[in-house]
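Lettered A, B, C and D in written order, each chain numbered from 1.
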Amino acid sequence: MVFYTQSLLRRITSGHVRMFGTALEAIKVPEEPPQTFRTIENNPANHTIDHMNRFYTIAPEIQKQLFQHGGLTKFFQKQVKTFAECSILIRQPAIEIISYIRQSDYSKPPNKYVLYGEFGVGKSTTLVHLIHYAFATRKILIHVPWAQNWFSRPRETANSIVHEGNIDLPIDAAAWLVHFKNQNHYLLSELDLRVTKDYAWSHRETTSNGTPLLEMINFGINRIKFASEIINVLINELKEASRDGKCSTMVAIDGYNAFFSEYSAIRDDNKKVVPPSRVSLTHAFLNITKSDWCNGIIVVAVDILATKDRRESYLPRFLLNKEGFEHMDPFLPVHVKNYTTDEFEIIAEYYKNRKWIRDISKQGLRELQLLSQNNPYKFMEYCTPL
Amino acid sequence: MAIFRTLLRQVTFQKVLLGTKRSGVISLTNNYSLFPSTFIKGTFIPSEQNKLKESGELQKIAHIPIKPAFNDETSSEFYDPIVRKFTNYIMRKGKKVLARNLLEKTFENVKRIQLEKYNSSSFEAQTEIELNPTVILHQALANCKPVLELMPMRRGGVRYQVPVPIRESRSAFLAARWIIEAAKDKERTIHLPEKLAWELIEASKNQGRAVRRKQELHKQCEANRAYAHYRWS
Amino acid sequence: MSLFIRLCEKNTRIILTKIPNVTASFATTAKPVDIESTEFRVLNLKSKKVENTRKKTRRVEVPPPRANQMAVDQDWPSVWPGPKTFHPAVVPIPIRQGYSLRDQPPPDKYGNTELMKIPNFLHLSPPAVQRHCEALKKFCTEWPVGLETEDKCRKHFPLEVITSDYCYSSPTIREPLSRIVTLRVKLSSLSLNAHAKDKILRLVKDKYSPETDFITITADRCPTKKQNLEYAEYLLTALFHESWRVEDWESEKAEADMEYYDWDKNKSRTNLLTLHAWPNSPTDTDWECIPHVEEYKIAVSDLFNTGEDLHTVNKYKEAVKNVLNLKCEA
Amino acid sequence: MRPNIQLLSARAPQNIKKVPFQPILPMALRNKVSGKYDKQTEGGCLYEISLLFACMQKNAFDESLCSHEINNLNVCYSDYLSKRRTRKADQEKGIITPGEKNLTHLQLNKFLKRFPNV
């Protein structure tokens, strides 16, 4: 928290200096026109309906901490590098969920929000906004950048030691632990969360009651053989801790419907396909999305691209399947839509400001709008060669 | 009666012959075009159309049949004839979609490189950085255009490399080809759009391999200036 | 060279010797004909040219077509009383029929076999039909009381039998298509309970149309219409009784075999109960007292039963919001 | 020793009276010319090229400094090409520009046919 406020302060002061401090600077900075498409409120914890359709900027250090190991879409990551800033449009679905989060009852099981929408409408980017919100409100983050990666591109497979017939993905599990640690290490050390049970991994290696969680995570990163099981334990411990009120937790999973798919590239010893339901990571993350704990938030995004077998519709019940629907029920489906005309104009203005597009007439913009059908991804794509 | 019939046949035969003769002439002058020579070439660019309308030219050609536009010519604001031509030069085996995608990715890379430069430079330097990839392409092509070319000619049993002036279209083609060839000479792991973007930026600054190639050609022409008169005799 | 010349000489000689011979033979044959013509009977090898006596075909005087003289207000049924092949001179209409050549109309009625081939209904003109009906009127009975409207008919006679009869101008009156019998009945007119209704729908499958509520049975296996009708009636009877019967194995129906989503039997209900009772374990007794539970139940069932679209998803969202007591600010 | 001129030369000139001149062909020019030397009459851009080379050498092959020369050459060359094109088209049609001095063999032959030499 200290770190965060400091960084925020620094940003505010630097902005202040730029606004009023012309006397000190040797080179005269030209006066920029007032940027109506931006808001100076860069803390998502304060975002309300008033900030809608404005851009806000995620500070580079926060961006590095939260999304170094994934979370931003590939194209967006490129844009961040090119634009030299990580700015996100504050859109209706994010604001809607934030308002729900503010008014929900934390003594009850976590409310579940399912983001759905067509390809490229900004589900993942909405999730980024919400993750930043959770970070700003000091919540432990359990974030899966893209669940499908584990099943379509497994890096290594091993038979599970604990659960017979299940498959472990040691490297992927360790990578996720690194991601988790990267996102949460300040908060974990600050809250001083500790393990509440004794765990024996092997004859020599044990984690006793009272060991800090961070230590266990480090152990999992070093001994990737146990990484999958450690994730399982970690999630149970976090559930326990949230239930006891030691911390509050936010679960954010992108491509959640991959867990309920039949398709996977993982093969067992008999060269037979292992469905995601038999992978130990699936169990862990289905466990955290159950309703048997409290003091948390669950936000997942379902996407057509997360499954290979069900792609006819983008609606949540179809993508989740009956099994997934029953697992999540009752959840709040939140529709992420294409840009409205206002949003489109704001985005165009932002692109012009970043010099991504230059001297385009009104008619040209209209052409782009019709061509992209207001779809954010398509619009981004059509703007690239201009 | 029989005679009359044969006469008739002869006449019709002659007519057929005449017809073939005429059609042969048409096909030669028409360059195998699908459309008869009476068709004129229209314009699909809105500004030119407006010009026609204002000058009253449109009234004159109102009843003349017009050839349709090609399917890759649009009246969009983003249409550029040079970009279209360059796409066709990149294209291999008729895969136009691929060629267009390659060029679009090239433009993206050009823009990203230039924007990063733009963001990291001071205010004075910023104005000098060209961000429009189409303009960069135009500049690059203009910088690579040769003025002369060497043409082998046989005089007295000896082949001389004769410097000859070249037409505008040939010069534009050579410039594009050199840039593309320079971009294709790369490691297998590097994608064409990356290298092409780099080559375009270099050429637009009057550097790079394509520009050097042009200069080398000019030097060779100069070395062979003694044979220049062979072009005209 | 010398040899060649000699050969040439030889050849010329041969030709020279041959030529007089030929001429001589001509002379010998020519002479006797002239001399002996008066004395001997001539053997006439060449048949004498018969004089061309072509039989003159008498042209039958064809009177102008009768149609030209017909009055406009003539009594047509008496001109064309029964089924008959088309005759151009009798029909006073400029009909054309057949394949037309380029830039030409179809051939006219004179000598047009196309018109003669097809069956015509010229004897069934409205006045003719009317006259028939008038003649038949005295044999008709009264319309039954109580069946005045279409709805009443349908109510008292729900079974609808559709058959086709074919009218021909050809000598045969048999048509294979006339054997087909279609039987239609509304599902609502059959007295069925929920189980029987479900079962009959599963039995008839696509023969039931949910839009019109009709069960349609078509029979065409038997050679005659009567047999087909009896078969269709038998099928309907069998269907009806079979759907009322309850087999032993029907009690073993699992949740996956359900044809519709029943919220009360599904996991969604337990989920909601757990959520509501948290942190205590759920009890099944007082679920109806949960606020907005009815709305939620309908929304979930709709999502499964009527299919998922933006409307049902939004309905579900509103229901969940009410259940979780959330309000949208944005 | 003075050499005899008549002996020195390989053949002494013939006596005209002894060998009278006999014209094998009629003593007149033909009504026809060949097209062998037509091409030589074409004008070129040699001068412009040499100017360009001189400029290039002076400026170490930097074309931006020789834009004037380049422009001149381009104008000359396009002019040359267009002239050649029109001339060719005219030749095919047989059109003769009145007052034209440089005639092609086809055009000349046409004239000679109309106005024969003899």
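Just a few scattered comments:
Assume a residue touches a chain if its C-beta (ideal position, glycine included) is under 8 Å from a C-beta of that chain, and two chains touch if they have at least 3 such contacts.
The chain lineup, named per UniProt: A = Small ribosomal subunit protein mS29; B = 28S ribosomal protein S7, mitochondrial; C = 28S ribosomal protein S35, mitochondrial isoform X1.
What you are looking at is a predicted structure, and each value in this text was computed from that prediction instead of being measured.
Averaging the CA coordinates per chain and comparing them to the mean over all protein CA atoms picks out B as nearest.
Rounded to whole angstrom units, the spacing between the C-alpha centres of subunit A and subunit D is 84.
Mean C-alpha positions place subunit B and subunit D at a centre distance of 36 Å.
Taking the mean of the C-alpha atoms as each chain's centre, subunit A and subunit B sit 48 Å apart.
Contact of a single residue of subunit D with at least two other chains is seen at no position.
Taken as a contact graph, the chains are arranged in an open line, each linked only to its neighbours along the path.
The list of touching chain pairs reads A-B, A-C, B-D.
By the touch criterion given at the top, residues 39-40, 42-46, 48-50, 52-53, 56-57, 61, 63, 70, 73-74, 76-78, 81 of subunit D touch subunit B in their complex.
On the subunit C side of its complex with subunit A, the touching residues are 266-268, 271-272, 274-275, 278-279, 296, 300, 303-304, 308-310, 313-314, 316-317, 320-321, 323-330. Of all residues in subunit B, only 147-148, 163, 165-168, 215, 218-219, 221-222, 225, 228-229, 231-233 touch subunit D in the complex they form. Residues of subunit A touching subunit B in their complex: 27, 29-30, 78, 81-84, 354-356, 358, 360-361, 363-364, 367, 384-386.
Across the complex, subunit C is touched by residues 48-49, 52, 92, 95-96, 99-100, 103-105, 107-109, 111, 291-292, 294, 313, 315-318, 322, 325-326, 329-335 of subunit A.
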